[in-house]
Amino acid sequence: MLIVMHQSATKEHIDKVVKAIESRNYQARPLPGGERVAIGVLYNKGAVDASMFSGMPGVKDVIAVTRPYKLVSRELKHDDTVIQVGNVKIGGNHFVIMAGPCAIESEDQALTIAEQVVKKGAQIFRGGAYKPRTSPYSFQGLGEEGLKIMARVREKTGMPVITEVMDLQTFDVVEAYADIVQIGTRNMQNFSLLRRAGQSKKPVFLKRGMAATIDEWLMAAEYILEGGNTNVILCERGVRTFVNHSRNTLDISAVPVVKQESHLPIIMDPSHAGGHREQVIPLSRASVAVGAHGLMVEVHHDPDNAMSDGAQSLYPDQFEHLCKQVHAIRQAMNPDMGSQKK
Amino acid sequence: MLIVMHQSATKEHIDKVVKAIESRNYQARPLPGGERVAIGVLYNKGAVDASMFSGMPGVKDVIAVTRPYKLVSRELKHDDTVIQVGNVKIGGNHFVIMAGPCAIESEDQALTIAEQVVKKGAQIFRGGAYKPRTSPYSFQGLGEEGLKIMARVREKTGMPVITEVMDLQTFDVVEAYADIVQIGTRNMQNFSLLRRAGQSKKPVFLKRGMAATIDEWLMAAEYILEGGNTNVILCERGVRTFVNHSRNTLDISAVPVVKQESHLPIIMDPSHAGGHREQVIPLSRASVAVGAHGLMVEVHHDPDNAMSDGAQSLYPDQFEHLCKQVHAIRQAMNPDMGSQKK
Amino acid sequence: MLIVMHQSATKEHIDKVVKAIESRNYQARPLPGGERVAIGVLYNKGAVDASMFSGMPGVKDVIAVTRPYKLVSRELKHDDTVIQVGNVKIGGNHFVIMAGPCAIESEDQALTIAEQVVKKGAQIFRGGAYKPRTSPYSFQGLGEEGLKIMARVREKTGMPVITEVMDLQTFDVVEAYADIVQIGTRNMQNFSLLRRAGQSKKPVFLKRGMAATIDEWLMAAEYILEGGNTNVILCERGVRTFVNHSRNTLDISAVPVVKQESHLPIIMDPSHAGGHREQVIPLSRASVAVGAHGLMVEVHHDPDNAMSDGAQSLYPDQFEHLCKQVHAIRQAMNPDMGSQKK
Amino acid sequence: MLIVMHQSATKEHIDKVVKAIESRNYQARPLPGGERVAIGVLYNKGAVDASMFSGMPGVKDVIAVTRPYKLVSRELKHDDTVIQVGNVKIGGNHFVIMAGPCAIESEDQALTIAEQVVKKGAQIFRGGAYKPRTSPYSFQGLGEEGLKIMARVREKTGMPVITEVMDLQTFDVVEAYADIVQIGTRNMQNFSLLRRAGQSKKPVFLKRGMAATIDEWLMAAEYILEGGNTNVILCERGVRTFVNHSRNTLDISAVPVVKQESHLPIIMDPSHAGGHREQVIPLSRASVAVGAHGLMVEVHHDPDNAMSDGAQSLYPDQFEHLCKQVHAIRQAMNPDMGSQKK
């Protein structure tokens, strides 16, 4: 951390800051420049809380230098984390496609879609049993009944299943049925949920908050790793910006940055990013090309009558088309294309 | 809702949309314009789900017309909601100042600050017992011990207390101690928490999500009202934008818009918006002038040694100065200044 | 356009709005719904100015229905515009790579870089002679001397050249030397410059403003087409958001949306979007995969000593690597992959 | 500037960075911390270009420490700049209200409005003769005829006039007629225009770009001061964010920050920020309370028939109401309320 003093800061101001640094067992290193003094904070382990210094008299700015995360950091663990779910590997040089409806509506619907997507290229089945909905008047999901349907999908198709958990109360039941537990964008900083996920034996799929920086996102993952669960999969699903032609803005450069900063796998969700069916295939191609470890895509056999997110759901034939394009691009990329250079 | 067709949409496309509208028991009204057809959806109660239509063939755009909320709407309930907490009234023509530390650190700290702020102008004491922190390594609050300290503050000073609830598991205990239960910005769309809050007898203080539109925020409040709790206080605390000179960007125009759309009170939190002590007083003045129903401000007697958010906490003398300025402005405003015109 | 009335709007309010619509020679169509009236504005040619109605008594909202642009619209001209520059074709099924330094620093520097990039895969040479710089104290470019150097690069390498024009005063001289005239992000709504570009015989490369919607961007292009110059190339270079790990956020979904809405070619600039060298190659791969018509990339043989934007400039070897990856992905994409479906 | 090295950076990497610093005549100060080395850049005059170092091998981050501006900085000139225009003073403890229509439509319209606003509290008359319009098909202003009308308004009412200049070609004529020359939000980084404004004898009113940081805005002002014109008035008019209930988001905390960083006056434009008439008065009250040096407000006697921006224009009676509220708040604020503390 670097503490920048005002030009008009007095020696007393500087001494007071130095003392405050030393009282926390860090080392202070004043740096006289041409016009003002800056004070380096050295030998701290992990990030120092900026707010301790930024309000002190004579202080103009406090600038973070060290990244705040540890366990998720590639500086701590150099090799890619690879997570095994059933027969599927996620991370490293593997590429995974997760597909299924936004919400589980019935056993018939779920099986119809699952049989289509497994045939056309999906390895993991997604579907919502507990649905976070903006409106209390919208369909909220089938709850445990939906989880049971997912279990039957797994039996019949062999695909592992992923579904979202919304709260502490239903964590146990979701964990019991799901192969991967998803934490949604609105819960990325639901710290109680993150702590509970840290105690789970199941891999956690952590969507980026719609206004989260990468630091905040990795710190949310840090909560889970700190709790003892190292199987975290990150998912970029678009961030909120002024742009209004897509539901969210897919932050494609998050992929190289996350891969540089962390050893965890990163998956893209082009369905929620685009929000319109026509954008999903192009965004999926971009996602594989930028180096993501996989895709999560919404597919529905009858999207005009879907109970949620119909507009962004692909028809099964479109999903097949997507899988072909994605695999063609992936094959074209020579093995090191997606890997990070140091 | 208005469904705008492509110029090239065929009669079949239009008929299919009309049928889809009617199958949901709404009325369809096709509107031939010069270049394309648009189809009005009429006689719906509440908002129609756009995604049902936006992916249909021939559809170019789906445009919402009706606002999605009902119970929070001023069109439903014309008069301002006024909430009584102890001797304090919140909403309508009343103006409330809530103040206290970011986190309760000890009984001594809490009482020292409380005695200062009650003397200088606060009516409600704020303080965090369960703290949502970006880092798992930061101080997470004293938990129930913090709540007990707040109860003693109430006893000694007479001020009602407000504190944040983070999850379902601790809702009962927070509700038992607090006079107002706060739901923080990161939990604004924690729908399980909102449903629980809807069953509470205590007023709920609902902070705006840092990337939430006003529609989403009011829909979060709608969850609480729909559950039976009509005592909701909205709190604007800044939104996330590209701007980097303040911690968040205080969305000042949210006040007139919320007051026009809803009957619920709206409070400002200049501390979290600004993030720097020097911004808190000017933002507070702006908040009262724009017509907010009150302020929530962080105050600490020794901010350089605060365990969180020291940089944005005011010294007690600054808080006194703030109260004087705020009251002077409020008195200068003639009674109808803050009220909305229809 | 749809004008939504308040629930409490009177018949007089509605009549007044109807009259206002008719006085502008549009047709008014009131639509009584369950709770309120909305009024359609029909038979308008082009967009109607919302501000004419949105302040009238009883009006709650005014909602645009028609897109505001005409000449740039694919609804007007269905086939892709293909622009010929020397031997290079831009648009349609063609893919173009433009490369070169941020700024022309000397003939030696320009030729060194040009000879590298032409060998490794560039078809058009980019370089700045007039540089828009945030600081008046930064290097502002060589001016006309820079243009002369670019002309010599064209002679020696055969590549057409593209360079930025900053104002009306230097438009003639830039136009005389350049094969493509670039309008930068900060000038996207410099309407005087757009009008002048509309009279040019040279193709215009129009970068998206860093906070421009696609509608605003296409309207800026509309200025140029309306002036008589139909050879406009759009360039997405990232938009400004809260995200801080890249210089700007590359709005990748702009590609499918622009290709659906307009017949004009769209090129990506991953260098300015990423702002860091490590992001440029992944973003380039994503750009070709999403379906862009080409890339503009900054390359420098000695970026550590570049006079501007060194951190985002590729080394020539990295550029070669980029070209290989981009072409491999492009070949893998079957011919219709990048095309839009209607 | 601080250059943060990777944990894995070698001694060679560090030496190379040190050499690069010293070759530019700065002083390098390596700071070994617990986990990595950071290198301070000392004794630079003004800001150092980050891009020179951020791409070098072993470098993780480059962090700016010094602000990039000089002449506009309060550290250079401590006292507020006060600008005299006719009998009106702008800056320091003075408060100014500028009002008038968006566009000059006719002599009759301009005089009607001017006579109303001068009576009700305006000191300076605003009006557009050259209008930057998103669409080439919209009314573009009366041009020089509009300027002549403004001159007649000045004669008849005694108010100085302010109007926007859009390009170099019309700068001389605008400068000849106007008392204050306005540079609009879309031209904030039109550096050619800024350089021309630096040579003007007239004060310049510099609107903030809709996606500009305060640093960028002050650097735009620096261009003008560097050219020799010290009479610059800053104008905050809202920035572009995800928020959709107002035309732009008024960045109210820009006022205390600009007043702390710079000696230049700062004015607010609530009309363009809000974009809806109902928001203008509350935002005006907030603007005076936060400590701005004045307001620029759009007023029209017949906004339903205004040729642009009718929805955000106040009726004359509303403007009178606004002036009364603003002055009441201003009087209530004790003299030091708006001033900055150091």
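Labels for the chains are A, B, C and D, by order of writing; each one numbers its residues from 1.
Throughout what follows, contacts are C-beta pairs under 8 Å (C-beta built on N, C-alpha and C of every residue); 3 or more make two chains touch, one makes a residue touch a chain.
Quick caveat: nothing in here was measured; it's all calculated off a predicted structure.
Asker: Sort the other chains by how far their Cα centres are from that of subunit B and give me the top one.
Answerer: C
Asker: With chain centres defined as C-alpha means, what is the inter-centre distance between subunit A and subunit C in Å?
Answerer: That gives a centre separation of 30 Å.
Asker: In whole angstrom, how far does the Cα centroid of subunit B sit from the Cα centroid of subunit C?
Answerer: 38
Asker: Go ahead and note the Å separation of the Cα centroids belonging to subunit A and subunit B.
Answerer: That pair's centroid distance is 26 Å.
Asker: Can you list every residue of subunit B that touches 2 or more other chains, as numbers and ranges?
Answerer: 211, 240-242, 244
Asker: Taking the touch definition from the header, please name the shape of the chain graph: line, ring, star, complete or other.
Answerer: Basically all the chains touch each other, so complete.
Asker: Quick one: which bits of subunit A touch subunit C in the complex? Just the residue numbers, please.
Answerer: On the subunit A side, the touching residues are 211, 213-214, 239, 241-246, 249-257, 260, 273-274, 278-279, 282-283, 285-291, 325, 328-329, 331-334, 337, 340-341.
Asker: For the complex, which residues does subunit C have touching subunit B?
Answerer: Residues 2, 4, 6-8, 29, 31-36, 38, 40, 42-45, 61, 63, 65-66, 75, 240-242, 244, 342.
Asker: Taking the touch rule as given, give the residues of subunit A at its contact with subunit B in the complex, in rising order.
Answerer: 20, 46-47, 49-56, 62, 68, 132-138, 166-170, 186-187, 189-193, 195, 209-211, 216, 219, 222-223, 226, 240, 276-277, 303-306, 308-313
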